[in-house]
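Once you scroll down, you'll see the structures, which are given as structure tokens.
Look for chain A in each of the two complexes below; its partner is chain B in the first and chain C in the second.
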Partner chain A sequence: MSLTEAQAEVVPAGVEPSGRQIQGRSPWRLAFARLRRDRLAMVSLTVIVLMVLFALSAPLWAHWTGHSFHKTYPKTGLDESGQPAGPNGEFWLGADSIGRDVLVRAVYGARVSLMVGLAATALATVFGVVTGVLSGFLGGWVDTVLARFMDIVLSFPYVLIAIVIATTFGASVPMTIIVIAFFSFAAMARVVRGQVLSLREKEFIEAARSLGAGSLRIMAVDVLPNLVAPVTVLASLLVPQAIVFESTLSFLGAGVDPSTPSWGSMLSEAQDYYRTAWWFLFVPAGLLLVTTFAFNILGDGVRDAFDPRTERLIHKGRRHK
Partner chain B sequence: MIRFIIRRLLFGVLVLWLVSTSVFLCVFVAAGHPEQVIGGPRATTETRALIRHNLGLDEPLAVQYARFLGRLAQGDLGTSYIYQTPVARMIGDRLQTTAVLVLGASVLWLAGGVLIGVLSATRARGLADRFATLFVLVGLSMPAFVVGLLALFLLFSKLGDAGIHLFEPGPPLQEHFWKRMILPWIALAFLLIAGYTRLTRGSMLDVLGEDYIRTARAKGLSERRVVYRHGLRAAMTPVVTQFGVDVGTLIGSTIVTEKVFGLQGVGQLVVQSITVGDTPVILGVVMAVALCVVVANLLVDIGYSFLDPRVRLS
Partner chain C sequence: MSTSQDRADTPEDTAAGTGGDTAAATATAAGPAGAGEPLLEVDNLGKHFPVTQGIVFKRQIGAVKAVDGVSFSVRKGETLGLVGESGCGKTTTGRMIMRLLDSSFGKITFEGRDITGLSQGQMRPLRRDLQMIFQDPYSSLNPRQTVGAIIGAAFKLQGETPQQGTRAAVQELLQLVGLSPEHYNRYPHEFSGGQRQRIGIARTLALKPKLIVADEPVSALDVSVQAQVVNLLEDLQDELGLTYVVIAHDLSVVRHISDRVAVMYLGKIVEVGDRNDLYAKPMHPYTNALLSAVPIPDPAQRAGRERIRLQGDVPSPLDPPPACRFHTRCWKAQDICKQVEPPLVELSPGHQAACHFPENTTVSQTDLVAKAAVSPGASADGAADAPQAQE
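Up next is the complex of A and B:
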């Protein structure tokens, strides 16, 4: 639907005064071209790439500072009265309440937070797409059961349930990923289901069926490729949600196990020290906000890029100038 | 209409049953050593066995489950292992604090979200709209506890210790009520305003594109009347739906805000009960919250069909 519209629009765009040659472009390339023109989204993408590099370079930072992320340095990190040391030559971004290096912990925390965010989103996307396609395409009682299940998951105070699950089975990184994925997949499944419900009635599905294709083949070959745009958009918006979710769980002590540094667990330790050690609060909070903010802006950009109406607006804007 | 309500009611009961069963399995099967919690670390093996027997934990799972459901059906949430008081009463005490927190914040977020959403929709792609979009993204990017901690930090840097000690847990809610509630209300509402702004803006833009809005303009109504009387009223339906659901859900989701601001609400009760292993309380809170969610959803469904005649017809 929207994709064919998008392609139809390329034709007038091709007859621009510039006289460029008209060539067919795939929806993906169109979307990417639009995304590249979106300056804010590009800045966000850069920030995300830098953050990933930052996380990957964690051992380097440990090497440069000479501090490991789990060791305490009570002699240099804490003053005579036991208060954490502020940013100085030894601890570039200060020390935490038991004398560990905030910078090094934040870098390792970036690894955990990003990994949990991305892995949970990937898991939620796979499950969401499978459930959504099955539910929307098969219909009948399968749809009733799955759609109701999505409703239940979506309408629930997930933090509460997540805490119960996490404390029952123990807090760990894999458990956190599963819990977040479980509470995120329903949003994906609902969107996919809606798309599939309308796709199902399209002529090309009927054509495939009349050629003798089975349900499984139609779902895989004809339906799935048409879901790429909405799924990409939603997945890019699920990542920041998952990162926020992880930090909330870790803050409450129900996420990653407390010895693992993550932005949430650091903030949890920092909450009693914001009066005396602002860096302890601001370093993980700042990194967390910058990351989720960048992901959210990029997600918005991706949505605009896949939405053919944006093209029209950009062209309009240009001609008026 | 009656059939619709009955169907929704049955669905609500089904949800409650599903939730109770999964939480029962989760809490009682995977982590059930209450005799250690009640008897303490120095209890003898005999004492522990006696405690297990008194609680009926030595019986088969099916029997325990049937008994659990039976008590639940009568509204009995069990007795706390630690305090030996009925869970229902403990929750009742805490529910007041959480309700005050959620209702106070709801006024702020509904007013704020709708106002900013309307302004941003009527000036789409203008400067105000861009600021609103930015604000929405900031709001969506922030975890609740970060908002809370930053608010506390700001307060501390302005007022010093005098401002902060208000947010230490302890005194009953009535003491310094306004001083203590304003900041939690703002912190909680801040995040929700973002979502409501986005929702109102989208809904408003859809409605303002409708034919009857053009008709209203064509017959010479003032812009204000067109936007607020004709537009906003129709645009409010999804907002009201979301509002009902959120108020219900938030009863169980204010854990973080309660923790940061030292409010003794339902969320804190869960966190404290988890730390000490007081399973009946955890189970009770989850059930009470599930009930709130189900009732809120039911009210929204019924309210929706009154607000929007199209829903009633189909």
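Up next is the complex of A and C:
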């Protein structure tokens, strides 16, 4: 009798008037819906997409300007006294100290910066999640070893070590990616480990175990999907860090090799010319600023989108309009 | 499962391994309900959690004696309530029965089969028959899975395809627990606490288990919803012939749902008895104190009642009091309570208590003291000896 009572009370709430199948909204979809309502984050996403398109279209810009990124044009790019030419019809964003096209170098530099930033973040995320999940879920000596390793990595003076590695093995794009990923993964692993430690105590993990699930399945089916939110948030904030890290290394000459244009190496070359040739400094610095700013804002937006409390704030804001 | 059935009929085969095993068997035979053979037998089960010091080189400096030798048995179709204060080891006992936690010592026999030492892999087929309802409906459902996936996981993990298909089977289960089949594609966050607990119960029922360990199944719910879920559990028991071990701290819930009740204090069972018998004539002073704390709605009845207020806190399970663990708070304690541990003995048919000075019984204290002096061993041994001595 209590069964029928309960049904009478519950069923009407579940059946829609139209009678169609009710599709639940997953937390992931709810977050995405919230992100779409976040105007600032959407602007940032647009900026990032434009920046990626800008980087992808690098050969087009070389074609339009007629300048190659590594060639010097001393006749047109430098004046009689050897000073770089400012923005003009020939050099749209001016020339650098040895007569190369700043625009073409900047657009090729965008490729390097974005690629290093995204690839290093992807690598750091994969290794960070794997290490963090193993460390947090298995516990015991595995956790002791991995957690101490994370602590050691985080306490390295990473710029010094990166310079040593660059001078020992030679600077290159893959090497830069590996170095940045190595020094970023520990931050990811730590966050993931903390999340897994709290997830491990949830009763649904025990429920899975009591249905006969093994550790591997629990890690893949019950733990990993619950890490998507924190990992996405942290990864979106790691990208700008990695881009700045790459620029720092290139600025110091420990990043990509000098023949490859990169925003960091352009800044390094421009530091003696900022009084006479502002464009030489402003173009890479501006692009770097806009890109990292956009990634940071998007990261904040993603974090807010996964936090259910923000929904109420957004709704409130709407009602006031 | 015919082999395990056969084995369950002859418990002495399995009991041959350890001597103390007869304790649980005796308790069963003497029970008032009579019908049904034991489905689950727990013998001198214990869990000591090591307490370590040091960061890299950990050294054990002690142990939390969460459960320190409990014995009981559950017959087919009955409900055993396990009550006690927070931290007395109820949940730990439940988790050990489910083999979610390895026991430190003791033996668990399910359908006549010793499951204490089985690996997780060996446990997997047994999980069909042995399921658990969890305490917190907000933590027991994976927030990233739909209700269909959560309940369907039971079939998937056991490699079982229901005749009508997994989806239809899950929807039938949803209806069984009073939810709508339309809820199949919904996520846990779209439900209330009571509905979530029903989803958890549906998952538990998916494999048609024989024994369900319900760990505080209603304590996280509103009182109005508690009644619904308790009634649901009772209806399901009638419909599906389930056997429950219900762990709870709410005495009125336990009274409502249980056939027999076991009272735990600091990792030990201090009293076991038929529900009505135990609530009407509690023998152990601790049970008495617990029952006197239950509010009585009628002021007229309330006036005549003596309210027992225990002094002090529950002692630490790190260093429990010697002999009778309750003597530090007991108003009847004498010297013997600090020296000799009272065994869990049957004082009236189907009613056992571990006390030197039990109440509501005709058995004289001197008899008990003499008996305890003869066999001052573990309580399980004492429990095994005592009924025979009486006969």
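Following the convention adopted for this analysis, the second predicted complex is superposed on the first by the 293 of 321 C-alpha atoms of A that agree within 3 Å, B and C clash if a C-alpha of one lies under 4 Å from a C-alpha of the other, contacts with A are read in each partner's own complex, and residues count from 1 in each chain.
The working rule: a residue touches a chain if its C-beta (ideal position, glycine included) is under 8 Å from a C-beta of that chain, and two chains touch if they have at least 3 such contacts.
Every value quoted in this text rests on a predicted model; they were computed, and no experiment measured them.
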Contacts of A:293 with chain B and chain C, given as first, second, both or neither: first
Which superposed partner A:27 touches (first chain B, second chain C, both, neither): second
First, second, both or neither for A:162, with chain B first and chain C second: neither
Partner chain in contact with A:209 - chain B first, chain C second, else both or neither: second
Partner chain A, residues of chain C touching it in the complex: 56, 95, 98, 100, 120-121, 123-125, 127, 130-132, 134-136, 139-147, 150, 153-154, 157-158, 175-176, 178-180, 182-183, 185-187, 189-190, 195, 198, 200, 203, 207, 228, 231-232, 235
Chain B-facing residues of chain A, complex: 148, 152, 155-161, 163-165, 167-169, 240, 244, 247-248, 251-254, 264, 267, 270-271, 274-275, 278, 281, 285, 288-289, 292-293, 295-297, 300
Touching residues (chain side chain A, partner chain C) in the complex: 2-3, 5-7, 10-11, 13-16, 21-28, 144, 202-204, 206-214, 217, 221-222, 225-226, 228
Complex contact set, residues of chain B against chain A: 11, 15, 18-19, 23, 26-27, 30-31, 137-138, 140-146, 149-150, 152-153, 156, 161, 164, 245, 249-253, 255-256, 259-260, 267, 270-271, 274, 282, 285-286, 289-290, 293, 297
